[in-house]
Amino acid sequence: MSCSFGEKVKVTIFGQSHSEAIGVVIDGLPAGKKLDFEQIEKFMSRRAPGKNKFSTARKEADLPKIISGIADGVTCGAPLCAVIENGDTRSKDYENLRAVPRPAHSDFAAFFKHNGFNDIRGGGNFSGRMTAPLCFAGAVCMQFLQDDGIEIGAHIEKIAGIKDERYDSVNVDFKNVKEKEFPVLDDKQGEKMREKIEQARLDADSVGGVIECAVTGLPVGLGEPMFGGVENVISQAVFAVPAVKGIEFGSGFDGSDLKGSENNDAFSLSEGKFVTETNNHGGILGGISSSMPVIFRVAMKPTPSIGKTQKSVNLITREETEVCVHGRHDPCVVPRAVPCIEAAAAIAIMNLR
Amino acid sequence: MSCSFGEKVKVTIFGQSHSEAIGVVIDGLPAGKKLDFEQIEKFMSRRAPGKNKFSTARKEADLPKIISGIADGVTCGAPLCAVIENGDTRSKDYENLRAVPRPAHSDFAAFFKHNGFNDIRGGGNFSGRMTAPLCFAGAVCMQFLQDDGIEIGAHIEKIAGIKDERYDSVNVDFKNVKEKEFPVLDDKQGEKMREKIEQARLDADSVGGVIECAVTGLPVGLGEPMFGGVENVISQAVFAVPAVKGIEFGSGFDGSDLKGSENNDAFSLSEGKFVTETNNHGGILGGISSSMPVIFRVAMKPTPSIGKTQKSVNLITREETEVCVHGRHDPCVVPRAVPCIEAAAAIAIMNLR
Amino acid sequence: MSCSFGEKVKVTIFGQSHSEAIGVVIDGLPAGKKLDFEQIEKFMSRRAPGKNKFSTARKEADLPKIISGIADGVTCGAPLCAVIENGDTRSKDYENLRAVPRPAHSDFAAFFKHNGFNDIRGGGNFSGRMTAPLCFAGAVCMQFLQDDGIEIGAHIEKIAGIKDERYDSVNVDFKNVKEKEFPVLDDKQGEKMREKIEQARLDADSVGGVIECAVTGLPVGLGEPMFGGVENVISQAVFAVPAVKGIEFGSGFDGSDLKGSENNDAFSLSEGKFVTETNNHGGILGGISSSMPVIFRVAMKPTPSIGKTQKSVNLITREETEVCVHGRHDPCVVPRAVPCIEAAAAIAIMNLR
Amino acid sequence: MSCSFGEKVKVTIFGQSHSEAIGVVIDGLPAGKKLDFEQIEKFMSRRAPGKNKFSTARKEADLPKIISGIADGVTCGAPLCAVIENGDTRSKDYENLRAVPRPAHSDFAAFFKHNGFNDIRGGGNFSGRMTAPLCFAGAVCMQFLQDDGIEIGAHIEKIAGIKDERYDSVNVDFKNVKEKEFPVLDDKQGEKMREKIEQARLDADSVGGVIECAVTGLPVGLGEPMFGGVENVISQAVFAVPAVKGIEFGSGFDGSDLKGSENNDAFSLSEGKFVTETNNHGGILGGISSSMPVIFRVAMKPTPSIGKTQKSVNLITREETEVCVHGRHDPCVVPRAVPCIEAAAAIAIMNLR
């Protein structure tokens, strides 16, 4: 537990926002698979910053360099290591933050956890930038999952209170969200969300939201009762994405208001296959996959970094003070977090099979 | 992952609803601690069934028998094993369920996972009864945590849409909920919830709800970034409790509708101690404990077992059919799940220290 | 790490020599297997004490009671828990040992590890008695392995310097050692060993020895490079057996005196199957199984408990003193350890597949 | 298990002999430690090839590049990643080995494990070159251990049957072996070993040997009974070093020929400290450290790569054939393996504390 996840396909992530590089080691991948690196880069570009006014101005090449694990163009059974260089770093932006933690950021906790020796530059290893190797690992895992007919897709379900439609949880239609610059099912609602984000940017403020993710094509029977259930494993992976503060499966929190007769999903046969007629269980029964789509939603808090002056404390002088975050930051990280949630789901599923 | 949780204090749970017994092994407890077994039994009685009309009629002594780990009345450093006998079992109630799975139950997934060899009696090892050893383990862990000033308490936050008040997340007042037969902060709201449960019982239906849990007294700095954060670890533990379908920390899903300027918690000094003035972060920053109370809420689906006839399928003959669950079952498991959530939190915290 | 072993089939052992009971939880066994309990008891009886004058006089029923994991007579996918009661205990024999540790025993280290709270009775959880649940787990694993044509057998290779013959490492012939009261390949040598043991008993002394174990029928390709190799995993399991102080694979320590041209095993074809003509590699190349028999030998120190007066210290008064061990003990544990080594190998192999 | 070791300080090694680079991630190091990189490089140079005629001609810069984990010159609590580039590779040397495995090498097992997709160049991730990142990790761990007074040293105990003296196991004197080009205690014996190695080189053959390692300054009480003992953990780490085929602690295999009255170590007081008068137990009692020096020896087989023509098989055509290894190789890897064994011990000890 910590920078590593999984026992079957172990994903180990390393690096800090402003260290020499960041990267990931993926151990346990089957040998003999030709990875589609173009597809991986395309996937990673969905989380890359700097592509439009809604995201931080930091430019990142973010092209992973393969260090090991490939021979003759295919996976060779050795751990796959990829490294992404940290090019465009402006470390001086952060020096003054060591003593004065930014509200809602990791600074405060990291300072005490590491006795003041934590890497403060860019959030160190708490940075959202650590999701780049996570996305690389997720993209790799997805190519193995796709071979077995498993698809993973996510979309923005809500930003600043503006709701997108939800997936049809019985017959999920991913609707090419992965091709969209702004990943929503209903582009009109997406337009309203963008306005909210732009307004937050103008206000030197930020907004949060909810992401919905679906996994289709899973066989029945994945997961273990108690601590190894599909919910346990996916949630352990998903909380690795910074700003995630909640997760719900199937009907989730809304379902807790329903009666059993409303929330229970009737079984039936469809084309010779056992299905449920509704999918309030989110594809998971007793912690085990039911073969229906796994559906979950994650709550993301508004970006902690805002341009407003905020109350804080000086950890050295032990005085109350103020802080104003001047660095680059997104008014809303939800759009860029969509592939991160997919990636977390992918590495979770790889470890459940 | 599976029946075991944790690396520092490893909790391994075994048993099925109708096996000879159920139990737990707790490895890694410090030696030399005199356990208060009266307190443990009191804790476990909070989840015990059969104490009132709101819970299943099954009588369980549920008194754990200590097999190992104690010498001269104190923990001796060896794994602590406790076993709870399964006395009052009526296995014949369940025989007809093997082929016809109950909607929203584990039956369907367990059948395929184990090729039809799963123990169908009482839900086998998917049974809610497995939370008895979980509660034992949690009660043991709590006694170690209390020695360090850490308290864990939970209450019903909602049942059938009826809301209790929430904890003051900055200054948590547990309000003796643990002493109450019906664990709510506001007894008037509790009364309304009870009426909803009674109505569900009369309707042969069931209701769900939300439980709120607080952990106070944590030091700053627990947890690891990425996969070992406080959220990751608590959620992995909490989803071990059957019927849990969601979890949120701090302002959670509601917080995702707020602006950064609203959701960020300002730091200040209080009696020489660094605090936050609000606690939307739920005591967790960057996955690490901030020393503010950890606050989380879990969504519990309505009890799957209801007295109504429901659509199902016959897994052997592969035909559509109906099922009516005649066994004993609670119209609402939320009250009995309150100590289970506390227990899951306790074993999670033990592994974060 | 500690009382648990394995990630695929996790074996968790609990109990102390004089606690209520000892036992084991085995998680991850495939469902649907009818276990042959007669065979398990027969296996366990090979390590049981009290069967002849060469082993301790303590009587143990040692019949494991199945607590969970079986339904309708077959494994059901739930963790299999078995408990063995500790009947015939004479705790008063040991009370005086808390302050004065027995040389070469765990007493000294356990005292400091657990701040004096360790269970001193019978060696607590350091007792050789903890190999009873290990043997149970091994016997269970063996039945799964046998279904795939994998056999495990061990014999005494040496006691007090008297050598048995070794297995033909290319074509292992187990020679019904499991049926023998004194498990050697060459009964004449066994007779000499027995004389040495009897002499040690008369001298109030003890002797040690070496056990050789073979695993046949393994497929090629088990194990992982670096830390997950067959040697790594088997040795981690085998050192769980008390008194083991060394392990070697294939030609082992003797092989380190050979030249490469002597020690290398030439590949050839035999009946269309790739084999090596010799087996100095002990069935393991680069940490990975080669499909040749896995051969290893373990060194067991002489029983630490002897009837002679020995120099020791008083841990409380911090003075030099003497100790004489009056309790029951074997002059040689090697014969009874033979099935323990087989059991350790079995649980290791189960986790390598 | 596999490329990762440890739960407290997790060491993850990646790379292949001829991949872009090799490296290691070390997670769990305390923050705030200034690492002495000069000392690390000095340590690593002890295993580096090409420094004299006894080792392979391959030149390796082997200077690790720090990717992450350091900020302001000290460890910052984030995983420490170091990468070593693979510069001087001659991949064409190995192409013909894919179908025809070298005797005693990993080629055969790796081919089947990875369905023929293993990286054959230089042994892929089975290469002895993977001990370079192991040594880096060990050197880092050693600096933390030294702060607590723990020292680790090893020497060649035997090569080709020529014996060095052994450590005085009660009062270990490391005798500056680390400064020596040929790490033996008795240089005269070392000279004889060198002659044996030179003779093997001239004969296109190879020799093996034994390495003895001591760990001093350990506190009493490290390790866990059963599977987490000091022997279990060290042996799991040490078998990661290629060519290791055996390990023994304390009096080891020789001790199994002794009587209890000879092998037991009497306790006494020395300068107010509890000690044993002899150290046949190798500093480990019941799996737990006794505070006496931990002493162990490992058997290393002769280098599998020899210049002689050997019998082999063609895995593709399934015919018997011959193979002659033309690549660069050491006639004896034992001298270079000495720091590797120290490194394995260091990462083991870091995970036992």
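Going by the order they are written in, the chains are A, B, C and D; count residues from 1 in each one.
Here is the rule we go by: a contact is a pair of C-beta atoms (placed from the backbone, for glycine too) under 8 Å apart; a residue touches a chain by one contact, two chains touch by 3 or more.
These figures come from a predicted structure and were not determined experimentally.
Interface residue usage between chain C and chain D, two copies of one sequence, is largely shared: over half of the residue numbers at the contact are used by both copies.
Chain centres here are means of the Cα atoms, and by that rule the chain farthest away from chain D is B. Put simply, the C-alpha centre of chain C and that of chain D have 26 angstrom between them. Taking each chain's centre as the mean of its C-alpha atoms, chain A lies 39 Å from chain D. The residues of chain B that reach two or more other chains are 2-4, 7, 13, 78, 110, 113, 125, 225, listed in rising order.
Interface residues of chain A, counted against chain B in their complex, comprise 1-5, 7, 13, 101, 103-110, 112-113, 123, 125-126, 130, 134, 158, 160-161, 200, 203, 205-210, 220-221, 223-229, 231-233, 235-237, 239-240, 242, 244-253, 255-269, 272, 274, 276-277, 280-282, 284-290, 299-306, 308, 310-313, 315, 318-320.
Chain A makes touch with chain D in their complex at residues 2-4, 10, 12-16, 19-23, 25, 27-28, 31-32, 65-72, 74-81, 83, 110, 113-121, 124-125.
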